[in-house]
Amino acid sequence: MVTLADLQVKTVGPSTITSPLASYVGGRTTNEYYVGADDRILFDDTVELVRSRGLPLDELPTFETGGPRELIHFDPATTRVGIVTCGGLCPGLNDVIRALVLELHEHYGVDDVLGFRNGYAGLVPESGLQPIPLTSEVVANIHERGGTMLGSSRGAQDVGTIVDTLQMRGLSILFVIGGDGSMRGAHRIAEECLRRGNGIAVVGVPKTIDNDIPHIGQSFGFQTAYARASQSIKAAKIEAEAAINGIGIVKVMGRHAGFIACYSALANHNADFVLIPEVPFALHGDNGLLAHIRRRVERDGNAVLVVAEGAGQEHLPVTDETDASGNRALGDIGRFLREVIREEWTARGEEVMLRYFSPGYFIRSVPADPADAVYCARLAQTAVHAAMAGRTDMVVGRRRHRFVHVPIEYVTHRAHGVSADGDLWLSVLESTSQPHDMT
Amino acid sequence: MVTLADLQVKTVGPSTITSPLASYVGGRTTNEYYVGADDRILFDDTVELVRSRGLPLDELPTFETGGPRELIHFDPATTRVGIVTCGGLCPGLNDVIRALVLELHEHYGVDDVLGFRNGYAGLVPESGLQPIPLTSEVVANIHERGGTMLGSSRGAQDVGTIVDTLQMRGLSILFVIGGDGSMRGAHRIAEECLRRGNGIAVVGVPKTIDNDIPHIGQSFGFQTAYARASQSIKAAKIEAEAAINGIGIVKVMGRHAGFIACYSALANHNADFVLIPEVPFALHGDNGLLAHIRRRVERDGNAVLVVAEGAGQEHLPVTDETDASGNRALGDIGRFLREVIREEWTARGEEVMLRYFSPGYFIRSVPADPADAVYCARLAQTAVHAAMAGRTDMVVGRRRHRFVHVPIEYVTHRAHGVSADGDLWLSVLESTSQPHDMT
Amino acid sequence: MVTLADLQVKTVGPSTITSPLASYVGGRTTNEYYVGADDRILFDDTVELVRSRGLPLDELPTFETGGPRELIHFDPATTRVGIVTCGGLCPGLNDVIRALVLELHEHYGVDDVLGFRNGYAGLVPESGLQPIPLTSEVVANIHERGGTMLGSSRGAQDVGTIVDTLQMRGLSILFVIGGDGSMRGAHRIAEECLRRGNGIAVVGVPKTIDNDIPHIGQSFGFQTAYARASQSIKAAKIEAEAAINGIGIVKVMGRHAGFIACYSALANHNADFVLIPEVPFALHGDNGLLAHIRRRVERDGNAVLVVAEGAGQEHLPVTDETDASGNRALGDIGRFLREVIREEWTARGEEVMLRYFSPGYFIRSVPADPADAVYCARLAQTAVHAAMAGRTDMVVGRRRHRFVHVPIEYVTHRAHGVSADGDLWLSVLESTSQPHDMT
Amino acid sequence: MVTLADLQVKTVGPSTITSPLASYVGGRTTNEYYVGADDRILFDDTVELVRSRGLPLDELPTFETGGPRELIHFDPATTRVGIVTCGGLCPGLNDVIRALVLELHEHYGVDDVLGFRNGYAGLVPESGLQPIPLTSEVVANIHERGGTMLGSSRGAQDVGTIVDTLQMRGLSILFVIGGDGSMRGAHRIAEECLRRGNGIAVVGVPKTIDNDIPHIGQSFGFQTAYARASQSIKAAKIEAEAAINGIGIVKVMGRHAGFIACYSALANHNADFVLIPEVPFALHGDNGLLAHIRRRVERDGNAVLVVAEGAGQEHLPVTDETDASGNRALGDIGRFLREVIREEWTARGEEVMLRYFSPGYFIRSVPADPADAVYCARLAQTAVHAAMAGRTDMVVGRRRHRFVHVPIEYVTHRAHGVSADGDLWLSVLESTSQPHDMT
């Protein structure tokens, strides 16, 4: 059996020198990133560990494990299934649809699957949208194309009307693939079904290109999205390098969470500054962004900024506009920074070559990369197992490399973001050499 | 505080029907894959959980956490660092080299870095290979090209001679990027340095394209490799579909572990059979591979097999040959299957169109995909922090999304493989609909 | 010998039915696209044909053929060469630089090559930019990265000062890679060198991402650029398809020539309307763009517009701004169309989902695709042969699959564009089914 | 009007020095590559030129121009069309199918299109293969997947039976997409239809991944194929560079023509030797391949060979085997060279690291690259125009940038190959620096 002593790492001698880390341009102390002497990671698998220690396992908060059950709830011969995709596009939607259909068909013998069109709109009669029968043949190659073969839409519909449609269509199961707003809708649909006792199960596959779903690990499509975003960062770097005093600005998705900004910047090491909603920054002053950009250009000849769309909103006028999903419209931080930087250089009478990149929707309409494709397929398999076993009002996710069932409410409550004290942000700081504090 | 009750998933009713899962062609019972009623995943972060439960934490086996320390061991002003890459190519080698150099330079101010050529051969004078000074400029764009800018080689060199070289060159730190054989070498070098008390730290970044390093999570380059392998599977499927009775065979890397076979097959859902070293199969008989292939071709018109190079060795004559690293030469299972299948169809007087794909080295010489690039950069940053803090005889890895320090011995003892009872293999079975037992 | 009779194509009977081609939505007669009864393409290679017919060949306008000469002008042992890249980025710049250096080195033994930084700015002392020695090692892998390793800049410098620099540096040959403005500069430099009799040869490799260089066939980087642009069109289509009344607008490069718009639209068949500078269109009225978009959305549920940046300028206010190269600033036709379309749908109280894509610089900073890479290498080889044989004041190009020498003046006089009567535009009309006349 | 004088290129002085070109390792004179003093390329468009000179145009051998005609032969309302794909896969097959269907539908209103399965096998009743109705919806996204949605097969079927099927199915037009064997079949079908006077038109779209169709310019899919092949060459280079005495061998398609070998080698400049069927080479002796490889490895540390499968057959035993299309089986030159090289190095007691790559079918099952996609669409549009105008027994092609009609017989007579005296081979020699003569 492995013991603590076995895992003790050797040192060649004592550490007595203060680390120079982050004592670069404009740097301040970065104590919060340092690893403490006692910080260690457990070796054992948790459940086994706790069991072996005699704890009352039943009382611990745990997630139900995903996977097939020996006994299931729905009779495959009479089960009719619906699938709907809601909200913005995300790489992998067609992979999920395809794997749901194939898993139902191949493994449960459920061949009666309907794809509802254009999100919840396709679940109310007013839209006039007819569902599409989804067979193995129909879904065979859909994963090779981005988007969703079912179409999508934003916004809610009347829950009672939706449940009426489910009953009228004779559905046993509804799979909802969508973001937090759509999951709130799915929760209400599941509750209404439970209230009516119609026996319809509602299982979600949560989607967010921003990777900010709580509890469920990385969201599908995220890897693909940041891989595509990193291409724009590389383009910006190549443009900036070719110019005299070249500055590139790349605005990427991320209203509340800077994950795409962080990972896409790490992916090709071409960014000099990463700005995310979670970390405020000053524009002016000796420790402000503009001064740091100037120093970087003076040192390296060019600089590239990666800006999450939700970053730096404090520098922009507040608007009252909202989009179809009810999100407050963001100010355009990318164009704002372009103007502010241009003015600063122009005011000094110096030449600057500014290039602005806004990959926007471009990063989300592509087919899933292989790793995301694997993940989508496995999420969908897990969702089918859960639904066939009668689970409802839940979503599937992955936690500590295991697939789990999570009550829907747990993924709609709040969004998590990049921790300003965590090791992801530290990696970004190390990769960009930007000051950890620009306020 | 979250309680167990909060995480309870609802059901629409009881499960009383026996699951049809896996009762397909040639199927048998698959009880081992079913999730038991009590199988659950812990919600809490482990250490906090255990702490809160009053366990003596100090006695638990834990890994040292990776990351920067406030106090370090080596004085940056006088630290000279060496880097060496050993063994076969793997996507991301140049990313690791680059991030080591940049982290040393940008954050610790260590600018004296030597790249040794062609693996351990470059660390003995007989080879006549001179090291290359590695500056920020030299490594700026190396990650855009596959392979390793330092070259590599297989096989060991005399440990005493290597340590003599390290001392003669005045090194403080040696980073070794290599596979399990190379890590055994690194361990011996570290031990010899400790024995001599020369103060030289040896830190490894473990590499294996087969993803079979114990304890450290996914190995770098693995995602990129299976993504590339999946292209050959897709090509095989497209060829097979276009033919009458088309059968494609794709042999992929994986001497002892079928991870590449499993993930590349999952990545595009085009495989009908996946054969891995961990799961034996019979060739003949009603439940043998050949009969199952025939049934699949009769049902779908074509079939694609993905074969890990180490699979089915029991069907091949044993050879005594070994390669430069001392590995026993494997029989060529791919070509063997091609011949056996061809004979079986020819014997029946039926037409068959067989296509054989062996992507081989092709999958390992490419630049790292973005997700691997991120991972390589973060592994390298962690390795630099460890070495500067005086750690030695260890490798970096990631465990439960945290970067950790692992004694080298822990990654050279044994290889882990795909668990025949685990959820990865289950996903493969679900995706391919192949029988879970073909013996 | 082949005769006309041999090449006569058979018909199964006479043509007596009026073609329905282009009698679609809003269509009018399209006589100009029809092939006339006598339109035929010559079989023979022209020169042999004309020779065989007894024409005085010496009087025909011909281009000098590119390629190596048995006798050359410059002594490789004492030849020093300069290379400069000017103007905007274009895929393949590094391929050209690399092939120039390798051809000089490998085949002529010329190892003394200087790369001047940042365009013509690097050829005047005021900039303080020092040239880079270009060896085989330096250029080995530069083609794997987009942009130009030498940097670039727009705008002219004093010709006398430049020629002073060339003489001071002891150059024999200057290669200029750049657009029409840069070629005008190269012409003036060549003339000044000839006037001074300093024996310095100036040879150009013409560059334009818009493919609008006269006489020299397709410009390098163009294939790569439109391939990248076509990705945005596909993204726009996928977004539009997923929405209810989805309309995508993709603005691509092309100030005066719609080649990128045409080829990128043809490349994936996803565009419904292509708007180019060469073909005017009305916005309003029953045959205007807005009405046609509406009909297309009503028919197909969505529509995608590809708009060259120079298209439809007649609908925009004239500005007096110019860029660094002296080009008049264009109005933003893409955003203009977005607003006009949005207003039209909003005025009718109908829902529309508009998505705007502006790949912009993104399409030009990538490495050259293989076909462009081949072309760049061969252009550069031709340029080296020409220069070593003492040619000056010329550019290289390809005409009828042969590499040729063209006096610089012939590529700076005028830009050619997409012929509104030609078969490229016809292919676009056929692919999009847009009306051939929307005025 | 342009005159000869206008196009005269200037020189800075006379050429009096003998060119060192190709006087490298093992070099001999290369006079055949030199451009003669009188070699020039005509400026004018040929037909206008000849017309203006008063030649009797009607007697010149010319191709009929492709494109739409004002009067057509078939009445769209009653026209039924068949499409069949034959022979090996090639990138772009689905693009051609798709563009045929869309052009027929959108522009001629022909909606009755049948896709026959698996080549000519699908045109005889014995196969039991039923044709697929091809609508706009069915073909909408097929071009995003490689291969052919119709399937394919090799080998001929009885012509009378095929024509019986065409009549029984009530076809007006048959489009055949296939290689030279399939085109011979199409010619016989067209002749039989003409003999019977059944009014059925047969129009071909010639396909060969080896680019060796006479008269019709580059074949579709060729760019895509060599782009993919060039990836293997790059992989071979990266492997070879990383090793001590690394040698990579890449075998690519090309039974009789070395186009793929040449272009894929030019595409990334990583090859050191290109071996093609058109250029014989000696193995042994001071000017043999083995000696040149040795010198290159001694000079550069590694070497990469690109070998067309039909190259060097004179060194291999003759076999009597043939494939389904009746082609003589080739000896495996790639594996042969691997063994010969290994023996040579082993005999000298020297270490060598040999890596063998055989991308094979891998390069032909991918979707068409954008440039090929454009070409496929335009070829298909031209084929539809020709067939609707009643043309038969012909194929479409492109000549001097114009689309033309070519009698089928003209593309089945002979294959052309890489000219050993031409500028393509010269570019290869320049890029690889291999001796132009190794016999």
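By letter and in written order, the chains are A, B, C and D; residue numbering begins at 1 in each of them.
Criterion: a residue touches a chain if its C-beta (ideal position, glycine included) is under 8 Å from a C-beta of that chain, and two chains touch if they have at least 3 such contacts.
Predicted model only: the values in this text are computed from it and were never measured.
Taking shared numbers over all numbers used, the subunit C to subunit D interface scores over half, which places it in the same class.
Distance between Cα centroids is largest for the pairing of subunit A with D. Subunit B and subunit C, compared by their mean Cα positions, are separated by 45 Å.
In terms of their C-alpha centroids, the spacing between subunit C and subunit D amounts to 25 Å. In this assembly, the C-alpha centroid of subunit A lies 39 Å from the C-alpha centroid of subunit C.
Annotation for subunit B: residues touching 2 or more other chains are 145. Interchain contacts join each chain to each other chain, per the touch definition above. Interface residues of subunit C facing subunit D in the complex, by the touch rule stated above, are 2-4, 6-22, 24, 30-31, 33-35, 39-44, 46-47, 49-50, 53, 55, 58-76, 98-99, 102-103, 106-109, 143, 190, 193-194, 199-201, 223, 226-227, 230, 263-264, 266-269, 369-371, 373-374, 377-378, 381, 385-386, 388-394, 399-400, 402-407, 410, 423, 426-427, 430-431, 433. Residues 89, 118, 121, 145-148, 151-153, 231-232, 234-235, 238-239, 241-244, 355, 357-362, 365-366 of subunit C are the ones touching subunit A in the complex. Remark: subunit C residues 141, 144-145 touch subunit B in the complex.
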